Amino acid sequence: MMLTRESLLNWAMIAALLIVPVAAWSLDEPFIITLATKAAILALAGVGLNIALGLGGLISLGHAAFFGIGGYAMGILAAHAQNYEPLFEWPFLFEGSNQMPLIWLVAVVFSALAALVIGALSLRTSGVYFIMITLAFGQMLYYFAISWSAYGGEDGLSIWVRNEFPGLNTLDPIQFFAIAYVILCLALAFAARLARSPFGLALAAARQNEDRVQAVGLTPFTLRLTAFVISGAITGLAGALFADLNRFVSPTMLSWHTSGEIMIFVILGGVGRLYGPVAGTALYILLEHLLGGISDYWQIFLGVLLLLIVLFARGGLIGALAGREKAHG
Amino acid sequence: MADVVLKTDALNKSFGALQASRDVSLDLRPGEIHALIGPNGAGKSTLIKQIAGNLTPDSGTVELLGREVTALDTVARARMGLGRTFQISALAMEYTVLQNAVLGALGGRGRVFHFFRNVMKDPELLERARDALERVGLTDDANRRTADLSHGQRRQLEVAVALTLKPRLFLMDEPMAGLGTAGSKALTGFLDGLRQEAPILLVEHDMDAVFALADRISVLVYGQIIATGTADEIRANAEVRRAYLGEEDAA
Amino acid sequence: MTYILVLEQILNGLQLGMMLFLMAAGLTLVFGVMGLINLAHGSLYMVGAFAAAAVAGWTGSFLLALTASLAAAAAAGALMELVVIRRLYRRDHLDQVLATFALILIFSEGTRWLFGSFPLFLDVPSYLSGPVSLPGGIQYPLYRLTIILIGLAVAAGLFLLIARTRIGIQIRAGEADREMIAALGVDISKLYTVVFALGAALAGLAGALVGAIQSVQVGMGEPVLILAFVVIVIGGIGSIKGALAGALLVGMTDTLGSVFLPQLFAVFMDPASAASAGASLASMLIYILMAAILLVRPSGLYGGSA
C-alpha cells in the first residue's frame, strides 16, 4: 500500500496522542495525561458520530443523548455499587457494578437501543426535519434527566472512586489513559474496516444517491438505521469513559451543546475523514487550554475559527494538511 | 416463464389538473425490445416511475413476472429482477466507476450486512462488476471518479450498473441521450444483443435507434397510448404521423 | 381542582404558545424562503431581551425597551445575514448547522463579555402589573394577557403581510421558485435580508416580553429555540399557519401536562412519587407529541413533502 500524505498524517497523530502522555508521565505531569485521556475519549465520541455523519450523511444533532446514556450507565451502576443498594431484585438480583467491562457493556447496549428508537423515528424524515428531530429527542432525554431526582436530577451524580478494570490500576492516570487509547484505536480500526465493507459501500452510496441504492435493490432506511445504531453505541461507550474520567455525570452530558461539540470535533478535523475526530479533538483541547488561559471568553475565538473553517476551509485540519480527499477503495 | 414479463393495466396518474398517464396498458414479452416514444412531456418518465415503483398510480395495476406489484416499493421490484437506468444519471458521484459497478453487483447478490470484509477485494463482486463494465466499454475508465466522467460515459455506466443486477427485464429511460452518433451506434448494437438476455422497455428519442431496434413501438401522447405496433405499422399509422412524427418533421 | 384553575392554565398555555409562535414564525419563514436552518435564532431572542433590559435600565420606559428589542434584534439579524448567513444559502445543511452554531458561541460569549454572567432583570411596568378580572370570575395577570394579545396581533399582522402586501407576494414567490422571482426583477438579496431581519425582530420581541417574566441571561434563547424547532416540525416547515397551530399545541401540551399530569398520577400513586413521575413524563410530553405526529405525518401538519 502506498502511504499517502493523509495516512502519514494519521499515523503521526495517533503516535503523538501516545507520545505526549507517555512523555508527561515520565516528567510526572499528570494533568497533561488527563488532557490526553480526555482527547482520546472525546475523539472516540467523534468516531462514533462520524459513522453516521461522515459515512452516512446523517446530520445528527442529538448524539449527546447517546453520550449521556453511556455516562448515566456508568453513574447509575457505580452509584448502586458504592451504596450497596441493588439496582433491582426481581426477576434476579442485580447489584450495580464498579467493573468497567460490565459498565461498558450496559452503556453500549442502552445507547444502541436508544439509537434504534430515535433513529427509527427520525429516519422517517430527512433534511432539516432530521436535524431538528434528533435535536429534539436529545433534548427530551436532557429534560428527563433533570427531572429524574432519584439520580441527582439537575445536580448529577458523583462517584467517589474510579471504576475498576481487571489487572490495571485505573486510579493511575497513565493506566486509565492506556484504556481509553486502546479503545480509541480499536474503534478507529473498526471504522476503517466498516468504511470499506459491503455495508460501508452501500451506506455511503445512499448518502450520495438514494435512488441508485434503491434501484439496485437495497433499502437506504435499513442501512442508515444500522449505521445510526452503531454510531450511537460507540458514542455511548465514549460517554461511559468520559463519566469515569470525571467520576461525575450530569444532564450537561445530554445537552445539545454537547451534541454540537461532538460535531465540532468531527468538523474541525474534516468531515468524512477517518481520523478527523482525532485531529479535531486534539485541536479543540489545545485551543481550550491555550485560549482558555488567555481569556475566559475563549469560545468566541472557537466560534470565529469554526465559522472560518466552515466558510472557507471545508476540509478541516486534515484537509488543510493533506489536501483533497481521494475516492476510497 | 410467464408469457409476458411486464404488464400494466389501465394506469392513471395525475399531477393536479395535469393527467400524465391515461389508461396506459402495455406489456413486455420475453426476448423483445419494446420502445416507448412520444414528445417531451408526454408522460414517458412518469410511466417508467410507476413501473419501477417510484410513483404510485392513482388507479390501475402493474404486474411483474406474473405477480401484481402495484403495492411493492422500488427496492422490492428491483429484487424481483427489474434493472433500470435513469433519464438523469443516478450514480454515486464520489465513487470510482468500478465502485458503482460493485455497488450494483452487491445489490444483485444481496447480503449487504457485512461489516468487516473488504468489498473491493471480493472476487465474485469484482468479476461481476468488471464484466459489466467491459460489456459497455468502460474497462479503461474503471478507476476514474464518476464525477469526472463525460455525460455519455455516465449513461454507459448506468447501463453497466443495471447489467450487474442480472435482471429479468430492463427499464431504460433515454439511455442514448447525449451519447453522440458513435456512442449511440455502439449502444444500439449492444442493446440489440441484450434482448436475448432480458427484454427491454426502452424510452428513447433517437428515432434511428428506435426503428432499428424495436420489435414493437408504443406511442404516448398526452399521457395516452395512441398506437402500438411494429416499426412499419407505426410508420404507416396516420394518427401517429399527425400527432407525433408530423411535429418532429416540422421542427 | 376547579374550572377556574383549568381556565387559568389554558390561558398560560396560550401565552406560552404565542411566545413560541413569535420564535417559530421567523424560523419557518427563513426556512421556507431561503431554505436555511438557523440555530442562532435563539441568540436573536437573547439580543432582544438584553437590549430591552439595558434600555429599561437607562430610561425606565418599558415601551422604549420593547422598541429597542425590536430594533436591536432586527439590526443584529440584518448584520448576521449580511456577513455570514448569505454565504450559506447555497451550502448544505451541515454547513448551515455548523456556521450558525458558531454564531451562537460568538453571540453567547460576546454577551457574557459585555454584560457579565449575572442575570439582568426587566420589570413589568406598573400599568401592566397586577391581575385583571376576566368574565367568569377569573383573576389573570394583566401582563400575561398582554403577551397573548400582542402575539395574536403579530400573528394577524403576519398573515395580512403575507396575503396582502407586495413583500408578502415576493415571499410566497420566493418559496415557490427562486429563479422565478429573480426573473421578475425583485432584488432577491435585499428581500432575504428583510425577511431575515423581520424574523429576528419577532424573536427579539419575544425575548423582551419573556424577559420581564423570567430573568434575562446568556443562553436563555436555546431552550426556546429547541421548543420552536419542535413547533415547526409539528406544524410543517415553511408554513406560518403550521407554526401557529404547532405553537398552540406545544404551548398547551407543555403547560397543561406539567400541571395536571402529577395530579393525574396522584390518583393511583403516593403523592411524592406521583409528583416526580408526573414531572418526568410532563417534561417529555411535547416530544412524545412530536413523535406521534411524525408517525402519522412525517412532514408535519401543514407541510408538503419532507
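Read from first to last, the chains carry the letters A, B and C; within each, the first residue is number 1.
By definition in this document, a residue touches a chain if its C-beta (ideal position, glycine included) is under 8 Å from a C-beta of that chain, and two chains touch if they have at least 3 such contacts.
Just so you know, these numbers come straight off a predicted model, no measurement behind them.
If you draw each protein chain as a dot and join the dots that touch, you get a simple line with two loose ends. For chain B, the chain with the farthest CA centroid is C.
We define each chain's centre as the mean of its Cα atoms; on that basis chain B and chain C are separated by 49 Å. Mean C-alpha positions place chain A and chain B at a centre distance of 44 Å. Centre-to-centre separation of chain A and chain C, using mean CA positions: 31 Å.
Multi-chain contact residues of chain B (touching two or more other chains): none found. The part of chain B that touches chain A in the complex is made up of residues 52, 54, 73-75, 78-79, 84, 86, 90-96, 98-100, 102-104, 106-108, 110-120, 122, 145, 161, 164-165. Put simply, chain A touches chain B in their complex at residues 193-194, 196-202, 204-205, 208-209, 211-219, 223, 226, 327, 329. Those residues of chain A lying in contact with chain C across their complex are 53, 59, 61, 121, 124-129, 131-133, 135-137, 139-140, 143-144, 146-150, 256, 260, 263-264, 267, 271, 297-300, 302-304, 306-307, 310-311, 314. By the touch criterion given at the top, residues 31, 37, 84, 87, 93-95, 97-99, 101-106, 108-110, 112-113, 222, 226, 229-230, 232-233, 237, 276, 279-280, 282-284, 287-288, 290-291, 294-295, 298-300, 306 of chain C touch chain A in their complex.
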